Each structure stands twice: as C-alpha cells, then as structure tokens.
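Provided herewith is a single structure, encoded as structure tokens, for subsequent inquiry.
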Amino acid sequence: MYTSNTNIRIHYALTDQMGVVYYGNYAQFYEIGRTEAIRQLGFSYKDLEVMGIIMPVVETNSSFLRPAKYDDVITVKTILQELPIAHSIIFYTEIFNEANKLLNKGSTTLYFIDSITMKKVNMPDFFLDKLKKYFK
Amino acid sequence: MYTSNTNIRIHYALTDQMGVVYYGNYAQFYEIGRTEAIRQLGFSYKDLEVMGIIMPVVETNSSFLRPAKYDDVITVKTILQELPIAHSIIFYTEIFNEANKLLNKGSTTLYFIDSITMKKVNMPDFFLDKLKKYFK
Amino acid sequence: MYTSNTNIRIHYALTDQMGVVYYGNYAQFYEIGRTEAIRQLGFSYKDLEVMGIIMPVVETNSSFLRPAKYDDVITVKTILQELPIAHSIIFYTEIFNEANKLLNKGSTTLYFIDSITMKKVNMPDFFLDKLKKYFK
Amino acid sequence: MYTSNTNIRIHYALTDQMGVVYYGNYAQFYEIGRTEAIRQLGFSYKDLEVMGIIMPVVETNSSFLRPAKYDDVITVKTILQELPIAHSIIFYTEIFNEANKLLNKGSTTLYFIDSITMKKVNMPDFFLDKLKKYFK
C-alpha cells in the first residue's frame, strides 16, 4: 500500500451559502492529493504530460460525512491499495479535519492515455518501479 | 419516473489544459440539473431553503465516457427513478452532447435537513404530492 | 456602440458563505457576456480559435455595487464603446438583477494573438466588418 | 508599508484550454494573499467574521503580464501601501513565478461591514494597532 498526505487551507472561494465547502470542490482536493502522491514518488504529473502521457479521470465517487469549513486546514490522505496493472489506476482518498475526524472519502479511477494517439497505454515502467517497493 | 432536461453552454472557465471540461465541474452540471428538475415541478430549491429545509449532498458518483468541450451545448437529463421515502432523495444524471452521445452519467444522494436543528426531516408533503403522479 | 444582453441563472457553486456570489466569479459572467456578444454578430469565439486566433485577457477591472444572490437571473450587458483598432479590444460590462438594479460594472481588455506565433495580430477583417455598422 | 508573501501551487482545476491559468482565478490568489497577510499580523479574517465584521470586495483591478502555468509555484505578494482610515482598505497584489518574473499585478478595495446591521464600520482598533508599526 502506498500512502501520501497533503494539507490544504480552505479559502473563501471554496465555500457556498450553506457556510461549508461546496460539494463539487472536493474533486479539486482529490486532484491535489493525487498530484502530491505522485510528486512524493520523485517525479511529477507534469513530467508525465511532458513525456506524452495524460491521465483523464474515468470514474469518481465521494461520500460526504462531515462538512469542511472556511479556514480549516484539511489533510488529504491519498492511497494506492493495489499496484496498478495495465492502463488503469485507482486512487482512494480520505479527508480529515484538524481534529482528525473523517470528513469525506472516495475513490477516483484514471487511465493512462498517449496524448498523441489518444489510445490507452500501460503505466510507464519508471512509475511502476517507484511503486513496487510499497507492494510485496 | 420523473425526468427533466436542461441545457448548459460550456464556457472557458469550465475547461482545463487537456482542452476539455475539468472533471470536477460536472458536479455543477448535476446541481443545475437537480435545481431545474425541482423548478419544473412548480417551486424552487430556493423556496425550500426559505422554508427552512436545506439539501446537502451525502454521496455522489460519476462516470466519464466522452469529454464535453468548450462551447458545446450539453443536455443534462435528471431522473428520479423512485418516489423518495423519508429523508433521502437520489437523483440520476445523464449528460449528452449535441449529437446525442452520452458523455457522463452518475447519481447524487441528498438528505432533507432542517436548517435550524440540522436534523434529518422527511421530504415535505407538497414536494411528495408534486411527484406522486409520475410514480404509479 | 454595439450592445448585447445575456441572462445567467446563479447556481449554488457560485455563492460563498457571505450568502452572495463570490467576487471572483464575476469574471465568468464577463466572459459569458463577451462570448455571447461575439456570437450575436454571427460567428463564435470558438471559430476564432479554430482560425488560429486566441484572445487572452490583459486587463480587467470591476466595481461591486450590490450583491448577486442564489437563483437570481442576472442580465449581463456587454458593450463595445469604440470600434477596436489594431490588436486590442475593450469590452465594458454592466450586470443587472431582475429589478433592473445595477449590481456590477467593469471592463476587460483583450489582445488578438496568433496561436502559433503567439504574436499580437490585428482584429480580423470579417470581425471588423460585422462591427462597422454599429459605429458611424 | 506592510508586505506579506504566500506561495500557491497551481493545480489542474485552475487552468483552461489555453494551457494557462484562467483569468478569473487570479481573484482567488488575491484573496489567499489578503488572508495570509492578515494572519501574519497575528489574527485571522475568520476571527473578524466571528466578531461580526465582514469584508466584502467593492472594487478590484488586475493586469495580466505573463501567464501562470500548471504546477508552477507562484508567490503572491500582498502590500498595504497606506494605513487604512475609516471603513475602507486597499490591498495591492503582485504575483511572481519561480524565476521571480512578475506575472500579474492589481489591487482590491474592501469595506469593513457590521454583519448584523450591514452598515460600514471603521477598521477595528486591534487591527489598526497591529499595522501601525509598519507605517511611520
């Protein structure tokens, strides 16, 4: 299992008139969590795009347990439960507040796509190699 | 079954550097679809809030089949498959492009909450009454 | 002078915890107003991009007089006060609520840029021709 | 003069199909810069709201010199050039990339408003006291 944590401070733009974070904005927290999970492996999602691989989201789901609020510092925990095989990768996300209460959890499935041909490709070997040590 | 259609034109803010609509923005399309589905029953979600009932999202999921693009006019089809019972309501959403291709589908579960006590309440009777004729 | 009106319904995502539209979201209303002002001339901003011309914003300013609120239908009035010359175009925007009260006004300056060379270019002739009849 | 710096990493949601940060998203950077400028004085904007003071934006302007791009870490420099008097405060903002190039500059005027009466009030004394040492 590979796990990564990232902190995000909630700014005003993310709230709505219920006085909490708008439900649609959690997708951004998931994205930031995934990006930092990759960066902590030693390269960046941006590097992947420069190499000609993009990772569009094909499926996401999210459960809202408690609201995140303005100025909260949330912790986005991003988890790979299994070593990805072939062209697909699933990130699990759990979001906690400063009192370590679980606010939200969900998962996101992305494909590896060649940005020229727009066809599915396997996860690059150097990505797989970075992950292998977490799964044995 | 109750079904409602709404059209949305994609503006620049909704796109990202992949040249398609950012995955997190579909939650807004789902929201607009739900709001217009309620309005077409003869009242508005705003009316509900004025009456002291808010409807936070507790769960959502979404599958991305084809990308929506800048300046597309998408059709958001919002469906109630079952008459809601008690404090919970599930909206199904299907999003089509102008060629009637399915771009995205998903569902969203919301609770009816008293905005003073913040406790779950049953769907208001007048809301239920408006829906009954679609389910027999 | 060339003037165009567009209506926008305020959805939940656009509000913040002050119970009004977040100040940063007016830029989207300005954008939609500009886009529809161009469309009402008989072509689209998307057409311009396909032709290899992009129009990045180089300057914007905005005054907030009264708040827009959830579920309001605002009218975005977009105005060209002068026939653009050379590579620059200024759109003035005024936003009204349903009671015809002015909520917000501002202006945005954009450049015409060749999307290959990324150099400034003059406004295309067919664009200028569409506008000329409004300025004499 | 009072100056504060904050860093922000650009995530995907902030980009648009021009491959740069959408112009409307700079308002969020300005907001985050203002919030952190206040926090670095020893209290938070959230504290002000709890005390019954809100600070709506009444005017903003912004010049776009160079684009911010995906995964850039930008530095938001927030400046008070003058000690605020009465009910109004002007924050100047300059945004730099990692090469210390100026990407964007602008200013934002906010009012101090009593959240109950919705009337203008003077800047609270404790806020003024925190600032005085920077202006002599």
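In order of appearance the chains are A, B, C and D, and numbering begins at 1 in each one.
The rule is simple: a residue touches a chain if its C-beta (ideal position, glycine included) is under 8 Å from a C-beta of that chain, and two chains touch if they have at least 3 such contacts.
The shown structure was predicted, so the numbers you read here are calculated from the model rather than taken from an experiment.
Novice: What's the rotation angle, in degrees and to the nearest 5, for a C-alpha fit of chain C onto chain D?
Specialist: C-alpha superposition angle, chain C on chain D: 180 degrees.
Novice: Do the two copies chain A and chain B share over half of their interface residue numbers, or under half; same or different?
Specialist: The interface of chain A with chain B is built from mostly shared positions.
Novice: Per the centroid of Cα atoms for each chain, what is the distance between chain A and chain B, given in Å?
Specialist: About 24 Å separates the centre of chain A from that of chain B.
Novice: Between chain B and chain C, what is the separation of their C-alpha centroids in Å?
Specialist: Spacing between the chain centres: roughly 28 Å.
Novice: Please report how many Å separate the Cα centroid of chain B from that of chain D, as a whole number.
Specialist: Comparing mean C-alpha positions, chain D is 34 Å from chain B.
Novice: For chain C, which residues are shared contacts with two or more other chains?
Specialist: In chain C, residues 12-13, 18, 20, 24, 27-28, 31, 70 touch at least two other chains, as defined above.
Novice: For a test of understanding, state which residues of chain B touch chain D in their complex under the given definition.
Specialist: 12-13, 15-20, 22, 24, 70
Novice: Would you mind writing out the residues of chain D in touch with chain C in their complex?
Specialist: Per the stated touch rule, the residues are 18, 20, 23-28, 31, 54, 56-64, 67.
Novice: Quick one: which bits of chain C touch chain B in the complex? Just the residue numbers, please.
Specialist: It is residues 9, 11-13, 27-28, 31-32, 35, 44-46, 70-71 of chain C that touch chain B.
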